[in-house]
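Each of the next two complexes has chain A plus one other chain: chain B in the first, chain C in the second.
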Partner chain A sequence: MNPAMARQLRALLTKDLRLELRTRETAVAMGLFALVGMVIFQFAIGTRTDDATPFAGGIIWATLALTAVLGVGRTWVAEREQRVLDALLAAPVPRLVLMSARAVALVLYLLAVQVVVVPLAMIFFVREGSFADLGLTVVVCLLADVAIALVGALLASMSVFSRARELLLPVLLLPSLIPVVIAAAGATHAVLGPAHALDEYWRYCVFLAVYAVVFGLVAFATFDHILDD
Partner chain B sequence: MTALVRARGLVRAFGGRRAVDGVDLDLLPGRRLSVVGPNGAGKSTLLRMLATLLRPDTGTIELVGHDIGARAQRARPHLGYLGHDPLVYLDLTAWQNLELFGDLYGVPALRERIPEALSRVGLLPRAHDPVRTFSRGMAQRMGIARLTLHEPTLLVLDEPYTGLDAQGARLLDDLLAGFSTGGRGAVMVTHELTRAVELADEVMVMRAGRSVGRMETAGLGAAAFADRYRELTS
Partner chain C sequence: MIGLFLVAPEDADQGVIQRIFYFHVPIALVSLVAFGVACVAGILYLRGGREHWDEVGVVSVGLGMLFSVLTVITGSIWAKASWGTWWVWDDPRLVTYLVVILLYAAYFVLRSSAEDNRRARYSAVYGIFAFAGVPLSFYSVRVAQSFVHPVVFTRGGADMPGSMLIWFVISLVAMFGVFATLLQLELLQRRADRAMRDLKTRLEALMAGA
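Moving on to the complex of A and B:
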């Protein structure tokens, strides 16, 4: 990435964060959604079992995957509603920079949600969690967020010109996130569960990293064409 | 002399209907072209192709010497596009919008250029207000500030007078007048026949996706052009 592209990326990211700080329409909605999801799981599962630790990884990542759908669905909304998309597309911005800015913004929103949700989930569902476990869970969050953000930014951009995008996006995104949910839930369970299986944890982390790299390469190869009509 | 626009055999269809059907277009530096025609004539589709927002199904476009089929990205720094809307973020301030687009276009000395651009359109006192709080005319003037910030060579304007207040219309008139010098040029779609004649060197009339007439405006009065337009589009 050359200095001009870095300047464009920084400008787009600053714009996204400024819009979010002013409108609070994405991260706050995602956070509230995730909190409500946690509370529902607490009533549905937490109150019906003495030890919900084996379910914690699944609960966290099912909630976060659905939350991510909400966040990805908000991608390009300001551009469409405020009719700015033409100005962005007519500007000399490589499409890969546009997508990278989207992906980085999504990672930041997901991390902001996880700062609240993951500790809360540990309180609700994990019987004997520790700070070391939380640290290892942060690594899972980072890897899974990058994977989710890359897939999300790619699919959101593919559906931006579609009239049925509100329907299309979840239908495309959720199946694409199944491998991420399986791996992230597996890694979280491995580290939070009673077995504390670190070998298994690292295998899942490698899978998440490979998934992110593969979708990163797909995005790199295709994104220039996706937004160009 | 490199043409600012050189388009050949442009065709673009939507669902089987040809919105633009075999249009050729040339624009030399120092020239301004108005494109007029009834609704559905294909004017905006043509303009979106020139703005690199739509690819033609067939045909080629060269903008400022760059074939946009292969190298649209090289042509884009030279383009300034303004549509019916100002194409700025309503929830960002005027300053933040210009900062964003200045960075996207790689504008040097941006901190000095932003107040100049806002001052030109009479919005410097509102620099730190969100565009959402602006009137329609002020927002469109904001669009003009965005349009000119990176000093484009070629203006591509789609009904730019829509929603403009008197001050904004004067600004745009002056801006277009300036584009007859310095190797620059402009293509403007408009419904206002008088402006089409007064602000351009040439007028192209479109009907049903085709160019049905092209004439120099020198010596052509608005009334005479209106008669000619009716003949060509009836």
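Moving on to the complex of A and C:
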């Protein structure tokens, strides 16, 4: 990445973040959605037992995966409505920078939601949680966010040019996210659960990293064919 | 086919139900090969832009889906016979095939809602993307299982006695034959369809001119 690309990336990100900071549309809606989602999952599973700790990882990541669909769904939408997308595609900005800016913005949205939701989930669902456990969970969040953002940026760019994109995107995105949910929920459960199995935790983390690398490569190899007109 | 039922040796523990193995495993392998063919066709389409590779891709994914669904059904029958339930979430093979089916079902949704000039390109990209997801889905389910089920299933491969292996290989080759034949037939039909459409439009133009 040369200096010019870094500058373009920064400009695109500034645009996205300024828009988000002024309207606060996406992150607030995502946060509320995640909270409601967790409450619903709690009523679906948690009421059968007085200690929800064994389900905490599953509840957190099932909710966050669904929340991610909302965030990914917002990708390109504002640009498309205001016809900024045509200008962006006509501008001499490499497609790689456009895609990277989307992925980085997605990671930031997801982190903004998780900063609020994950500590709350720990208070709600986990008995005897500690700050060390929260720290280990943050690592899971970072890895999973990068994985979700890469897959999300690629699939969102395909769905934005399609009919019925708000229907298409969840159907495209969620099956691909199943491995992420399995691994992230597994890692979170390994940390927060009573067994505190750290070797298990690291194996899941390695898997998340491998997933991110594999789909990063796929996205890198194919994005040119998605955004080419 | 008859040989599979009459001649091929039965497993001493599992009895007649074990014979489903001669279908189940080859079908499963062929479905993965079909998805692999779709991925390669996707790469070739993105490189060259020939409509032929798009057709190979979509037909392969369709056949791959058919074979995966059959895999899940035969696997479920086997599960019923050997474990007493139709579905076991502990069995990594059944669960991964379900995930793979969901992954590729999205291919058709994407294909039907993509705009015409982008359909082939997006299908190709998704064919490559989904094939990268297949090993990851397999592995993720196995990571999750390995903590529940310390025993790794090793049946199949070199663990079979020679007489079983011969029948297994025969049935595997036969399944690949079925896949190749269906692929050829479907492609032939699509080509004929296209030729017919071209002819129709030319005929209409001719009529309009006359």
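The definition used in the following text is that the second predicted complex is superposed on the first by the 221 of 229 C-alpha atoms of A that agree within 3 Å, B and C clash if a C-alpha of one lies under 4 Å from a C-alpha of the other, contacts with A are read in each partner's own complex, and residues count from 1 in each chain.
Throughout what follows, a contact is a pair of C-beta atoms (placed from the backbone, for glycine too) under 8 Å apart; a residue touches a chain by one contact, two chains touch by 3 or more.
This one's a predicted model, so the numbers in the text were calculated from it and none came from an experiment.
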Joint occupancy of chain A by chain B and chain C, clash or fit: fit
In the superposition, chain B vs chain C on chain A residues touched: C
Chain B versus chain C as contact partner of A:Asp86, first or second or both or neither: first
First (chain B), second (chain C), both or neither touched by A:Ala4: first
Chain B versus chain C as contact partner of A:Phe215, first or second or both or neither: second
Touched partner set for A:His225, first chain B, second chain C, both or neither: second
Geometry of the superposed three-chain model: angle at chain A (Cα centres of chain B and chain C, steps of 10 degrees): 90
Touching partner for A:Arg18 - first (chain B), second (chain C), both, neither: first
Distance of closest approach, chain C and chain B, by C-alpha atoms in Å: 6
Intersection of the chain A residues that touch chain B with those that touch chain C: none
Contact footprint of chain A on chain C as seen in their complex: 46, 99, 102-103, 105-106, 109-110, 113-115, 118, 121-122, 124-126, 128-130, 132-133, 136-137, 139-141, 143-144, 147
Partner chain A, residues of chain B touching it in the complex: 51-55, 72-73, 76-77, 79, 81, 83, 85, 87-92, 96, 99-101, 103-106, 130, 146
Residues of chain A touching chain C in the complex: 154-155, 158-159, 161-165, 167-168, 171-172, 174-176, 178-179, 182-183, 186, 197, 200, 203-204, 207, 210-211, 214-215, 217-218, 221-222, 225-226
Residues of chain A touching chain B in the complex: 4, 7-8, 10-12, 14-15, 18-19, 22-23, 78, 82-84, 86-94, 228-229
